[in-house]
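In what follows, subunit A forms one complex with subunit B and a second complex with subunit C.
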Partner chain A sequence: MKPPLLSVKNLRVWFPKDVSFFGKPLTWVKAVDDVCFDLHEGETLGLVGESGSGKSTTGLAILRSHRPRDGSVLFCPDGQRVHDLSKMEHRELQPLRRHMQMIFQDPFASLNPRMTVLQLVSEPLKVNHVGNAEQRKQRVRELIVEAGLKAEFLNRYPHAFSGGQRQRIVIARALALQPKLIVCDEPVSALDVSVQAQILNLMMSLKEKYGLSYVFVAHDLEVVRHIADRVAVMYAGRLVEDGTKAQVFGNPLHPYTRALLASSPKPNPSHRAKRGILHGEVPDPSNLPSGCVFHPRCPEARPECSHIVPAQTRIDGRNVRCLLYESGRTLTDPAGADKAAS
Partner chain B sequence: MNAAKTTAVAPVSADEAKLAYYEASQWSLMRRRFCKHKVAVWAIYILVALYVVCMNCDFFSAYDPNEFHERWVDMPPQILHFGKVEGYRWPRFYVHPSIRVRHPVTLDECYYADTSRRVPLEFFVQGRPWRFLGLIDTQLHFFGVPDGESCFLLGTGRLGQDMFSRLLYGGRISLLVGFTAVFLSFFLGISLGGISGFFGGKVDIVIQRVAEVLMTIPHIPIWLTMAAAIPKGWTSLQTYFVMTLILACMGWTGLCRTVRGKLLSLREEDYARAAVLAGASQKRVIFVHLIPNFLSHIIATLTLAIPGMILSETSLSYLGLGLRPPIVSWGVLLKEAHNGQAVLNQPWLLVPALAVILTVLAFNFAGEGLRDAADPYST
Partner chain C sequence: MQKDPILEFDNVAVEYQLDEGVVRAVNGVSYKVFPDETLAIVGESGCGKSQSSYAAMGLIQPPGRITRGHIWFREADGKPRIDLAGLDRNSKEIRSIRGGKLAMIFQEPMTALSPVHRIGRQLDEVLKLHTDMGKPQRIDRGCEMLRRVGIPDARKRYDQFSFEFSGGMRQRIMIAIALACNPRVLIADEPTTGLDVTIQSQILELMKTLQAEHHMAVVLITHDLAVVAETADRVAVMYLGRIVEMADVKTLFAAPKHPYTIALMKSVIGSPLAADGRLQTIRGSVPGPLERVPGCDFHPRCDACIPGLCDKQEPVFKDIDGKTQVSCHLFC
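The block that comes next holds the complex of A and B.
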């Protein structure tokens, strides 16, 4: 069987928070803890969660912008050789970089204000020694037309463009090396809703055309519903549930996923969901609750949840990390016990 | 943004103006933003004028700054007039000759302007020899008066030296000290700050702690010690270089922190990260993405650092720790004026203070304008 394009196994990204006098970390910020998922070629994985849940850090750690503390990121751009990105040195990563690119959240910060569109889009080609100057220019022209901009924009600077246009430049730049994998870190959350749809449709058509795979980080569930094939839900650095779009949106298993779906605004006021399910905030990643990280806010929490860390359980081709679904574990149901007593 | 569009240079049509704006680089945008800051533009003009005049003080001054005129001691300024002068067809600049008399009551020496005579100023006259750029011998001076007449536009000092010439010669030293000291500390600050910000870790900790320790030591005692260490026998030129070195040694800490902070923040910018993820080498990230983006900030910081250096030199020399006569600097000149009698009887000796204030203000306004213009996201 062909290995998946990207396979993330037990990924941990911890940042030292308090450092002793001799530089030894005393406490850690556990931004990403024990995250596993697979991404097959041509798929889009939507990574959703509240802010601070570690979804962007996961995206950056896949591309090795952060060095993971533990776990592995197996990347297989050609369908044969598998590379473990998490253990590689900077120099070894260099030849693999052309197969994986990134689209950033803020198109105002991700384009160097001192470079023209030509310089910006041709930079990946230039640093990877693709073609000569004239060929690169021709390629940039094709790329920006493909991204929905005009060829005469080549000599303009980023300050001349709107947010949506800048994001198109970023997309053209990400496409320049014809990568297999693009990590998109909330690519549309900085844009107007009307522009969001245009950019999403552009990304989807490019995916069809070039057989791209996206890891799509977002907090907007509607955006994920629009673009993703599979959805992974993160909470406080853990992956609580993942499955196909239909599974996660149609029949959410984890209490957090249910709460998250219920809290997203519905366009139709007559279908308004019951609100106010979740109380409190995402816990401080340097001081996580014991047991299941979600138990202090969980409407279905049991006494065991505060001391047993749930393992990833596989149900009908989807994964969920909750004691409710862990087989072989009998749970004391406080509600049921109450009923029995009365 | 609209305002910037309308200020485009000589637009043929609105579209072309827009296009010129879209294709304007950050440097030209910075220039446009700077030009909108009228005070800063004027400050730059003033600074250029000050530097041009003071760097060419041999040409612009009528007298040798250390020449004693025993006939004209402690003389008040001769006011510059403009009008008709006997024997000349066109109106021109002239001064009234000063005449020394004894006050009939106090018997003090005093001067009065002889308004019956007008001494015309002549321009581009031959005078004492000097060397242009240290290479070409010349005797040409910007202005002068016929032999036997006097022209002390800012009066004379206790020994009869021309204050105007001394102001220009003092300016040459004081303004240059600011520049050279800032460039030395810039060199120290940018290299240490760069190392500190880019490599981080232990190197960073050591450099930052050293900078902090230097910052906590009060400057005056340090200057005192260092200035006291300069041997008495040294020439004024040697003293001058040691002075700039002392100033630079104390002044690099602030710059070091600025550079470090800027590097740290720029290194985390998305576009620097994007370049790394595109496969760019570390060298390329530093030279293509980081340095051009912080250069403008550094220039602004430098401009704001120069007045501090000028003030330091002035206060050091004023305290008698820095430069000493016969070298003339604004601080040395102010030291000569630092008694109550001078303030009362010879207020023209305080003109160097005005020059210091003007320079410092001009540098501050120019620096502020540059700083505002350097921010690529302010429109």
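The block that comes next holds the complex of A and C.
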């Protein structure tokens, strides 16, 4: 069987917070803690969570913008050789970089204002010594047309474009080297709804055309519901639940996923309902609660939740990290679970 | 007619006189808001939804000015109404209303609060301006407001700075400041944009509770149709400085009339009109602020455009079936 395109195992990204006199970290900000998931070729994984949940850090750690403290990121761009990105040196990573690209949230910040569209989009080609100047220019022309811009925009600067058009430039640039994996960090959250729809459509058609795989980091559940095949929910640096879109949205298991889905507003006034409100706020990542990180806000918390860290439990091909579902324990109130799921 | 409207926009226009030309930020907006009611104003960036509310607050800065229309505000039932559009933005009259009976919460709780003053002082400021309470009373009232918006340990928090609070807490403080003087109208400009969904639902619920207690009218300005669907009673959709459609929330989502509203609904994931696979998009993009087209503003992007009519003549904003008001030639 072919190995998955990307397999993240027990990923930990910790940042030192207070450092002792000798430079030894005393306390850590545990931005990402023990995160595992797989991404197969042609799939989109939606990584959702509130701010500070570690979803962006996970995305950046996959591309090695952050060096993980522990765990492995197995990347297999050709379906044969598996590379562990988390352990590689920068020099070794370089030939692999062309297979993985990034799209950032803010298209105003991610394009250099002093470079023209041609320079911006041809830069990755240049860095990787693809073709000569004329061939590169031809390729850039194809790319920006592919991304829905006009070929005559080649010599314009980013300030001449709207937010949606800039995001198209960013997408063209990410596509330049025909990557296998694109990590998108909130690619549409800075855009107006009608433009959001255009960019999502573009991303979906490019995915089908080139067999791309996306790690789609977003806080907007409706957007993720639309674009993702699999969904992973993060809370305070932990991955609390992951599964197919139908599983996570249709029958959420983890109390946090349920609360998150319940509090996300739906653009349909006839479905307006009294929503269960989740009290409290996301904990400080340098001072996480003991046991299950969600227990102080959890409506179903039990005494043992405050001292036992739940392990990842596999149920029907999905993973949940909650004591309610750990083997040997069963739901005390299955009726309550059914009600919350419906 | 059961009650008098508290706030009434009558054909209001806001223009910015720039060197490059005239930007018509708001171009003939009319609406009424009644007590206990939430009117949502939706639209994409640059449609003038924030500018129209700034006009009511007297916050239009030169080179911008209100060029026509009236903004009628009734301070109390039975009292004569005041035309806010006619007041100078620094006049005594607007100062006595702004922040008192007519309050506003801004989008960014990070920047709207002063970083160098304790939040107690910022709460105290409105009470000092709009009430004749003594200092100890004002502190009590300030702490009470903090408790009401769900901030625990209010007396201690009263003496803290804004950076000691999270984003959701800061927005709660903004709400506490806005509601300290029991306003008649609360203008909420993107009150939950940038907040997490679980915090967003806390804030929206809080606003609803406080609205019911005070019989306030809320003007909710947002780009998020999901928030509109959850909270609004009536909705006004704006495009390029004009209201193109206004209806109650259920009618608008179930049967939008204006081609722009229809297109907007179809591009929102999860709305009753949106498709499952590819989303329908609006072709073209919003024109620049200095570009003006003759006739209907939306005709270059409209699929139902009638040549010879839509590109020549401006449509009139009128009631078509007793439920919906539309500005479109299709319904004339």
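Everything that follows uses one rule, which is that the second predicted complex is superposed on the first by the 326 of 342 C-alpha atoms of A that agree within 3 Å, B and C clash if a C-alpha of one lies under 4 Å from a C-alpha of the other, contacts with A are read in each partner's own complex, and residues count from 1 in each chain.
Keep this in mind: a contact is a pair of C-beta atoms (placed from the backbone, for glycine too) under 8 Å apart; a residue touches a chain by one contact, two chains touch by 3 or more.
The structure displayed is predicted, hence computed values, not measured ones.
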Will subunit C clash with subunit B on subunit A after the two structures are superposed, or do they fit?
-> fit
Go through the superposed model and pick first if A:V127 touches only subunit B, second if only subunit C, both, or neither.
-> first
After superposition on the shared chain, which partner residues are touched by A:R139: those of subunit B (first), subunit C (second), both, or neither?
-> neither
Would you sort A:H40 into first (subunit B), second (subunit C), both or neither based on which partner it touches?
-> neither
Partner chain in contact with A:H99 - subunit B first, subunit C second, else both or neither | neither
Is A:S263 touching the first partner subunit B, the second partner subunit C, both, or neither of them?
-> second
Would you sort A:A160 into first (subunit B), second (subunit C), both or neither based on which partner it touches?
-> first
When the shared chain A is used to line up the two structures, what angle, as a multiple of 10 degrees, is there at the CA centre of subunit A toward subunit B and subunit C?
-> 70
When the two structures are overlaid on chain A, which partner does A:N112 contact: first (subunit B), second (subunit C), both, or neither?
-> first
After superposition on chain A, the shortest CA separation from subunit B to subunit C (Å) = 5
Return the residues of subunit A at which the contacts from subunit B and from subunit C coincide.
-> none
For the complex, which residues does subunit C have touching subunit A?
-> 44-45, 166-169, 196-202, 204-205, 223-230, 232, 249-250, 253-254, 263-264, 267-272, 278-282, 285-286
Using the touch rule from the top, collect the residues of subunit B that touch subunit A in their complex.
-> 21-26, 29, 201-202, 269-271, 273-281, 284, 288-289, 292-293, 376-377
Note which residues of subunit A are touching subunit C in the complex, please.
-> 50-51, 162, 164-165, 192-198, 200-201, 204, 219, 221-223, 225-226, 259-260, 263-272, 275, 277-279, 281-282
Touching residues (chain side subunit A, partner subunit B) in the complex | 23, 63, 65, 94, 97-98, 100-102, 104-106, 108-114, 116, 123-124, 127-128, 155-157, 159-160, 170, 173, 177
